[in-house]
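Should a chain be cited, it is by its letter among A, B, C and D, assigned in written order, with residues numbered from 1 in that chain.
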Amino acid sequence: MRKTSHPCPLIAVIGGSKATPEEAAAAETVGRVLAEGGAALVCGGRGGVMEAACRGAKAAGGLTIGILPGADRVEANPYVDVSIVTGIGLARNAIVARTAQAAIAVGGSYGTLSEIAYALMFGVPVVGLGTWEIKREGHPPAPIVYAATPEEAAAHALALARRGE
Amino acid sequence: MRKTSHPCPLIAVIGGSKATPEEAAAAETVGRVLAEGGAALVCGGRGGVMEAACRGAKAAGGLTIGILPGADRVEANPYVDVSIVTGIGLARNAIVARTAQAAIAVGGSYGTLSEIAYALMFGVPVVGLGTWEIKREGHPPAPIVYAATPEEAAAHALALARRGE
Amino acid sequence: MRKTSHPCPLIAVIGGSKATPEEAAAAETVGRVLAEGGAALVCGGRGGVMEAACRGAKAAGGLTIGILPGADRVEANPYVDVSIVTGIGLARNAIVARTAQAAIAVGGSYGTLSEIAYALMFGVPVVGLGTWEIKREGHPPAPIVYAATPEEAAAHALALARRGE
Amino acid sequence: MRKTSHPCPLIAVIGGSKATPEEAAAAETVGRVLAEGGAALVCGGRGGVMEAACRGAKAAGGLTIGILPGADRVEANPYVDVSIVTGIGLARNAIVARTAQAAIAVGGSYGTLSEIAYALMFGVPVVGLGTWEIKREGHPPAPIVYAATPEEAAAHALALARRGE
């Protein structure tokens, strides 16, 4: 059977449902550059960093997918094209991480940390922008690529997602 | 905040990962008519009825979303545009049902029955085509709309999804 | 490595979170007879049929396990010994079905139907007591054992759970 | 309605399915001291740290609950009394964290990190023993209590679990 190619890589932007103005601006730029680079955006579908990233992606004509924790599509931010209504609460963080071919963490709190952990578990490349640093004595360093700017973060993720295809 | 309208209703086609030739033909027609009617198709992303429905939708230029049970996007059929890689096994049936604005069951076994049950639980309209009949003494009849042809099934689902918007 | 034997078979009682007096009385008897027969009770942990079954099991000194849909153990009924707090909503129905070595459905609505469907999918024996009847043309009859009394339902489930060990 | 008291607090031990001899010894001591302190043990039900903790708990006559990722109870380690067969893969980490009244992380890799993150998200107290350290600039320090010995870790967790009751 012919396997048609995926129309575009899926790249996750993960981060808090509340964002500082700086985080929101960074996420919006990340979303825009990902869309310009031909990626579809996957995220948790809510506000804050997720909404800013979706807004950026839509401004560049990209496709946005929101994997919602709750039971109703109305909780999606207004820039989500496709709402996946999981109803499984924060266990949906595992799905966001698995679905992506690379993930960019922008700021974030413990939810973001769980998504970073899942991505690392599943072998999904992780790019960090002002986010968690983790270490454990005796454990190899986590392969998180830290970026200094949103443009750099998006470029890294696009390259890493394409390498995995 | 301005709520942009969903680009199109999401309609689920549910059915077995193995299909008889008749079921596959019916599912393909359903997928095609849904796409012609402006709906995006959501399904479990695997073979059988799901693949036939996706093939029909793609033939008409529609968008197809596969909510996969396993841990790898390669299990998606070749007509899935957006693969949601849940990794949660058959518990993903709840997500397929919640994500849809209407669902069409084509044939199917117990997995399909679970998705019908979830859709009924969540108030998602269900259209049946050669699928389960259910009854319980003392319980109101389940509001499943049985259709005689794939065209009729798709038309019912399109009307029901729009009514709920 | 020595595999210690499971202390007792786990048998699920599934049914509505609201119950008629007759259903509650039946579920309580089922719970009591299961505990007398040496089984631990697994259920969704909420009210109605679940609570009545747990009350019956505790009256006979049995162990009760509630697999809760929500995010807080306070939603467990007062007769649950071990609360599993899933937070995954009604997708937890798949876990109730998988965890059991046999399941008894008492009355119930669409949630119960989803659990019956999952049990049938997973090869878990199902005993029905005043619950759903399902059929599909061209599909083999579902192997649900219908019982006439709670005592008979519990006896069937105990025998079926032991056969699978 | 009378709310019967929970028979005992549930405390999670989280850690890798492979363990160094030192980690296994620590986990076994943790499990034993928790059981001596009257707690039931909840864990992911597999090998390594989870198995060692269960072995310790059983040696002291405690109750052990394994929340398994896979679809079959045979994957439980031999010291699990109650197997919860989730079938939802590593999304079950959210359930382990939610179900516990306190959690002790022993060593561990990214799976353990995800459970730490979930526990912090859900407000479940976390005790660390040779495990991850996390920090993010601008984020308050994570309230993880680091212990120097297994006895100290178990004592902290028992105290923290009781405080939350």
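Just so we're on the same page, contacts are C-beta pairs under 8 Å (C-beta built on N, C-alpha and C of every residue); 3 or more make two chains touch, one makes a residue touch a chain.
What you see is a predicted model, and the numbers here were worked out from it, not measured in a lab.
*Asks:* Touching chain B and chain C alike: which chains?
*Replies:* Common contact partners of chain B and chain C, which must touch each of the two, are A, D.
*Asks:* When you check each chain against chain A and chain C, which touch both of them?
*Replies:* B, D
*Asks:* With chain centres taken as the means of their Cα atoms, state the distance from chain A to chain B in Å.
*Replies:* Chain A and chain B have C-alpha centres separated by 27 Å.
*Asks:* Report, in whole Å, the distance between the mean C-alpha point of chain B and the mean C-alpha point of chain D.
*Replies:* Spacing between the chain centres: roughly 39 Å.
*Asks:* Counting only residues that touch at least two other chains, what does the list for chain D look like?
*Replies:* Counting only residues that touch two or more other chains, chain D contributes 71, 87-91, 94-95.
*Asks:* Hey, which residues of chain C end up touching chain B in the complex?
*Replies:* Residue positions touching the partner: 88-95, 107-111, 113-114, 116-118, 120-121, 130-139, 142.
*Asks:* Can you name the residues of chain D that touch chain C in the complex?
*Replies:* The contact residues of chain D facing chain C are 1-4, 6-7, 10, 40, 63, 65, 67, 71, 73, 78-79, 81-88, 91, 94-95, 98-99, 122.
*Asks:* In the complex, go through chain D and note every residue touching chain B.
*Replies:* 71, 87-91
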